[in-house]
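Just so it is clear, A, B, C and D label the chains in written order, and each chain counts residues from 1 on its own.
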Amino acid sequence: MSLLEIEAANVYYEDFQALYDVSLKVEEGEIFACIGANGAGKSTMLKTVSGVLVPRRGRLLFDGKPIDHMAPYRRVELGISMVPEGRRVFPSLTVHENLLVGAYRGRPGPWTADGVYDLFPLLQPLKKRQASGLSGGEQQALAIGRSLMSNPRLILMDEVSLGLAPVVIKRIYEAFKTLLDSGCTILVVEQDVQHVLTVATHVACFLEGRIALQGTPRDLTNDQITAAYFGV
Amino acid sequence: MTKALETQGLRKSFGGVLVIDDLSISVDQGEALGIVGPNGAGKTTWFNLITGAVHADGGKVLFQGKDITGLSRHERCRQGIGRTFQIPKPFSGMTVFENVLVGATHGRRMRERASYGHCVEILEMTGLHDKVNVLAGSLTLLDRKRLELARALATDPSVLLLDEIAGGLTEAEVQELIEEIRKLQATGITIVWIEHIVHALLALVNRITVIQFGRKLCEGDPREVMSSQEVQACYMGGTLA
Amino acid sequence: MDWLNQGVQGILLGGHFALFAVGLALVFGTMRLVNLAHGDLTIVPAYVALLMINAIHFSPFYSIPITMAIMFVVGYLLQRGLLNRVVQSGDVVGVILTFGISIVIQNALLLGFTADNERLKAGTIDSLSIRINENLAIGWLPLIIFLVALVVIIGLQLFLNRTKMGRAFRAVSDDQEAARLMGINTKHIWAMAMGVALVIVAIGGVMRGIRTTFDPSFGSLSLIYAFEAVIIGGMGSGWGTLLGGIILGLSQTLGARAFGPPWSILTGHVVFLIILALRPQGLLAKTVTS
Amino acid sequence: MKAATSATASGDRQFSVHVASRVNQVVLGVGIIIVVFFILFPFFGGTPMTRRLVDFLSLLALSQLWNLMLGYAGLISVGQQGYIGMGAYTLWLFADVLHVHPFVGVIFAAFVGAIIALPSAALVFKLKGGYLAIGTWVLAEVLKTVVANIKQTGGGSGVTVVAARDMEVSVRIQGTYWWALGATLIAIVVTYLLLRSRTGLALKAIRDNDLAAESCGVNLWRTRLYTFVIAGAGCALVGAISAIHVLFVQPAAAFNINWTAYLVFITVIGGVGTIEGPIIGTIIYFVLRETTAKYGEWYFIVLGLLAIVVTVWSPRGIYGYIAQKTNFYVFPLQRKLRIVGRTAASQEIAAEGGEVAG
C-alpha cells in the first residue's frame, strides 16, 4: 500500500481549474520530486495534500484511508506536515517558539527541538531571536525544523530552495538524508531541477495542471525532462 | 539622453529578510528589457517599488529623469508607468470594456465619451473585442492576461511593466502575445518584462538583466546572458540542457 | 493638591479602561475582527451577576468567578457558532455582523431589565478609602480594580508567552494559514480567544457594576473607551493598552478638573483624536501595521 | 435613467455605447408615475400617512448615501448620527437664531455637513476597516458631547425649533414632506449620476480591487473623500428635515446611534452595493416597523437578527440575490459597447485570435 495516493484529483481556484485528473502514488521512504515551470500546478497539488485546498473531484488516500475532506490540523495528526512556500515562519515568535508551535499536535516520534538544532546547528545560537529577523536561509531551516517537530510520516516541501544561496540549498538537501533515516517520506516541489534530481527517487513533471512525465530519475533523460518542463 | 526609467540603490526588506538590496537598474527610451531570475529573487517587488505598491526603505526611483519616489500610486500611473499584475487583478464586477475605461478615464485622464475610441482601439489590438460586455470576473486566464495588458495600455504608458504575462499560457497564445507586445514596442513604448518563459523573452527583448537575491547579477545581450554558466546556475540550479 | 488627586483617580480609572480594552485588542489581534458588540458584552456580566445576587444574596465579588465561567462559554459559542463564519470575509462583514449583535444584546437587556439604573451592592467597600492626606484619598475599590487590571495584563502576557495555547494564539495571529498547517485548529483558537476576552470582560464588567450604576445603554461608551485605549497605546501590546487606558483616564479626570466635569469625556476624546492625527500607529507600537 | 447612447465614427470603425435597455425605458415610465404619485401624495394621503412617509423617505435617503460609502468606496461608517445631529442643530441655529426660513435653513445644514466631513475624513481615513468604523463613532460622540455641553443650545435637554412650531401645520407637514421627498430623489439621482460618471468607474474599480484601481490611475483617497462628503451633506440635510418634522432637537435623540443601526439594517438586508437594495430594505424595514414596533425592543431584536442572518448566509442581500438570478437592474449602470464596423487591421487580428482560440 502506498503512503499517499492521489486519484484523478481536479482542483480549482474558484472558477479557475489548476489541476486536471492528477494521479500519483508516493511510497514510504521515498523522495518524491515534483518539478515544472511556474503555474504548472505543483504547489496546488501540495496544498491539496495538506488540506488547504479541497479537490472538486478525485480522491486522496493516506495510508489507505481517504483524507480529502479532513481539515489540515487532522492531517497533521495523521502525520502529514508541510513546509510552505515562502517559509511562512511566525515572524513575531522566537525561533524556539516556532519549533514549539510545530509540536502543537504532540505526535510522538523521534524529533525534538534539540534534534532540530542538531540537524541545523545554525539555529542553535538564534534560539531566542524573533523569526522575523532571520535571513532567508535561516528561516527555511526553521520552517523545515518546525515541520519536523510534528514527527511527520510525510513531509511536504514547497519550493524550499526558493531565493536561497546555493550553499544553503546544498545544506538543506543534505539534511534530507537525516529526514529519511528518521522515517520521513519526502514529497518535494521544486523549480531547481538540478539539485532535486540528484536526491529524488521518483520524479513527476507537471505541465499546465497535468503530470506530463513520471518515473525514476535514472529512467528519464534530460531531453525528456526539458521537454516536459517547458512544454515544447 | 534621459533614461526612461531608473532605480538607484533601492532597498526593501520584509520582516528581517532583505528582498531588494541596493538595486540599480536603468532602462533606455524605447528599449525592451527582459528581467529574469529565480523565484523569490525580488523581481515583482522591484515592480512594486517602481509603481509605489510598496514603499522603499531606501533609494530612488527616477522616471524620465524625475524623482518619483515620493509620488502616490495613481500619480505614478498618470506620469506614464503602466503595469500588469502577475496574478491578474481584474475589476471582476465590471465588464471588460469598463475595465479598460477605468484606465483611460483615470490613468490617461480623458473624458469618458472622448475615450471610447481609444478604448475600442485597445480592445481590438488586444483581441478582446468579442468579449467587451463580458464581466471581467468570468474571463479565462488568457483573457485575464489580455485584460491586464489592455487596462495598462489604456492609461497611455510610456513605460510598460509586464509581470509574467506569458505564464500559464499555451505556446500558441504566447506567440500571439509576443506579436502584440512587439507592435506596442514599435509605437515607441518602453517595455520592461519579467518572464520565466525564456524563449518568449529572447524573441522580443534587446537586453536582459538578471536579478538574484535582490541584486543585479548581470546584464547584457539576451542570448549571451541566458547562455552564460553563471545565469543558468542561478536560474535552474545548474546546467540542465 | 486637587490636581494630584485627579491625577491619581485618572490613573486608577485608566486601569479600568484597560481591563475592557485588552479583550478588544486580543480579539483583533488573533482574528483581525473588530468587535462592535464588545461594549455591550461588557455590560452583560454585570446583569448576570445581578441575577445571581438577586437570587441568592451573596457578595458580588463571589459572583465574579461564576460570571467569568458563563462569559467564557458565551464567548466560545458565539465565536464558534457565528463569528467564525465571517473571520475570513473581510473586516466590513465582521463590523456589520457584530454591530447587529450589539443591537440585539442591547435590546435584549432592555427587554429583560428595563432601562433603569442598576447597581451591584457590595456593602461598605465602595465607600472605603485610604486617606493619604487632607486632599488625597484613594478609594479601595478603584485601587482594587487597578490592581486587578495589572494582574490580568501580566497574566495575559504570561499566558501568551509561556503556554502552548498562548503560543498558538500568537501563531494564528501571525499567519493563520501557516498555523493550520502546523496542526492548529484555528476555529478552536478563535473561539478560545473570544472566550478569554470575555472572561476578562466579565471581571471588568462586574467590577464596574460594583463601582457605578449601569444600564443597557452603557455599551457604546464602553466600546469607545476601549477602542481609544487600544489605539492610543498601539495595537498588539498589553502594556500599550494599559498605557492607553491610563492616558485616557488621566485626560478625563484632568479635563474635568480643568474645564469642569461636563467636559471630562470630551477631553478624553480630543486627546485620542490628537494622538490619532499625530501618531496613528499608537504610542507603543513597534511598527506601523500596513 | 435615460438611455445614454453615443455613436462615434473614427475611420471605418463604428461603435456605440448603451447603458439602458428598452425594458429600462418602461421602468423609467413607471418610475415617473411613482414619483408623481409621491409628489401629489399630501393632497390625498392624509396627514398621518404623510408624516409617516417623511420618516420613510428620510431613511431611504440616508441609507442610499450610506450604501454609496460602504458598497462602493468600502468605507464603513457607524457615525452618521453625528451629521444627522449637526444638521438638526444647524437648522435650529439658522431658523431660530439667524431667522432664516426653516425650509431654506435645510440647505445650510447640508453645507455644514459637508464642511464637517472634510476634516473628519482626514482623521478617520488613517484608520482601516473596522477601526475606521469606530473612529467615525468617536467623532459623532465628540460632536454630541460638545453640543450637549453648550448652554446656548439647551444642553442635554435640547431646544424647540420655534420657527417651525409657529408655522401653519399643513404648510409645515407638506413642506417637510416635499423636502424629504426632495432629499430622497437627490440622494438617488446623485448616487446614480455619480456612479454613471468617471468617478463611478473609479468607485466600482475600488470596490473590486483598490490596488489595481490605483495602478490604473484612480485617486483612491480623493474618490473615497467624495463619497464621505456627499454622505455627510446628505445626512445633515435629513437631520435638518427631521428637526422641522419633530419640532424639537435634543442631543440624545439627534445623535442617537439608532440612526446608524437603521441604515445598517436597511442596506444590508436590501443589498449592499446596489441602488435598488436600500429601496427594498427601507420598504421591508417599514413593514416590520408598522407590524412589530408596538412590541418595543422585540422589533430591534428581530431587525438585528435579520441583519445577522443576511450577513452570514446571504451577504449580497435581497436585491443582490435578485440581480444574480435575473441580471436585471432598475438603475442600469453597466456600459454596453457595440462595435458595428471594423478596420481592416482589426479584422486581421480578429481572424488570428479566432484561429488561436479554435
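Annotations
Everything that follows uses one rule, which is that a contact is a pair of C-beta atoms (placed from the backbone, for glycine too) under 8 Å apart; a residue touches a chain by one contact, two chains touch by 3 or more.
None of these values were measured; they are calculated from a predicted model.
Common neighbours of subunit A and subunit C under the contact definition above are absent.
Of all chains, D has its CA centroid at the greatest distance from the CA centroid of subunit A.
For the interfaces A-B and B-D, the C-beta contact count is higher for B-D. Between subunit A and subunit B, the centres computed from C-alpha atoms are 31 Å apart. Distance between chain centres (mean CA atoms), subunit B to subunit D: 39 Å. For the pair subunit A and subunit D, the distance between C-alpha centroids works out to 51 Å. Taking each chain's centre as the average of its CA atoms, subunit B and subunit C sit 48 Å apart. With touch defined as above, residues shared between interfaces to two or more other chains in subunit A number as follows: 91.
Interchain contacts close the chains into one ring where each touches exactly two others, per the touch definition above. All chain pairs in contact, by the document's touch criterion: A-B, A-C, B-D, C-D.
Interface residues of subunit C facing subunit A in the complex, by the touch rule stated above, are 164, 167-168, 170-171, 173-175, 177-185. Those residues of subunit D that touch subunit B in the complex are listed here as 6, 8, 10, 13, 15, 17, 197-198, 201-202, 204-205, 207-209, 211-221, 334-337, 339, 342-343, 346, 349-350, 352-353, 356. For subunit B in complex with subunit A, the residues that touch the partner chain are 15-17, 38-41, 138, 141, 164, 167-168, 170-171, 196-197, 199, 213, 233, 236-241.
Across the complex, subunit A meets subunit B through its residues 15-16, 37-39, 86, 91, 130-136, 139, 159, 161-163, 165-166, 169, 191-196, 208, 222, 225-226, 230-232. Within the complex formed with subunit D, the residues of subunit B that make contact are 51-53, 72-74, 77-78, 83, 85, 89-95, 97-99, 101-103, 105-109, 111-113, 116-117, 119-121, 123-125, 127, 129-130, 132-133, 151-152, 154-155, 172-173, 176.
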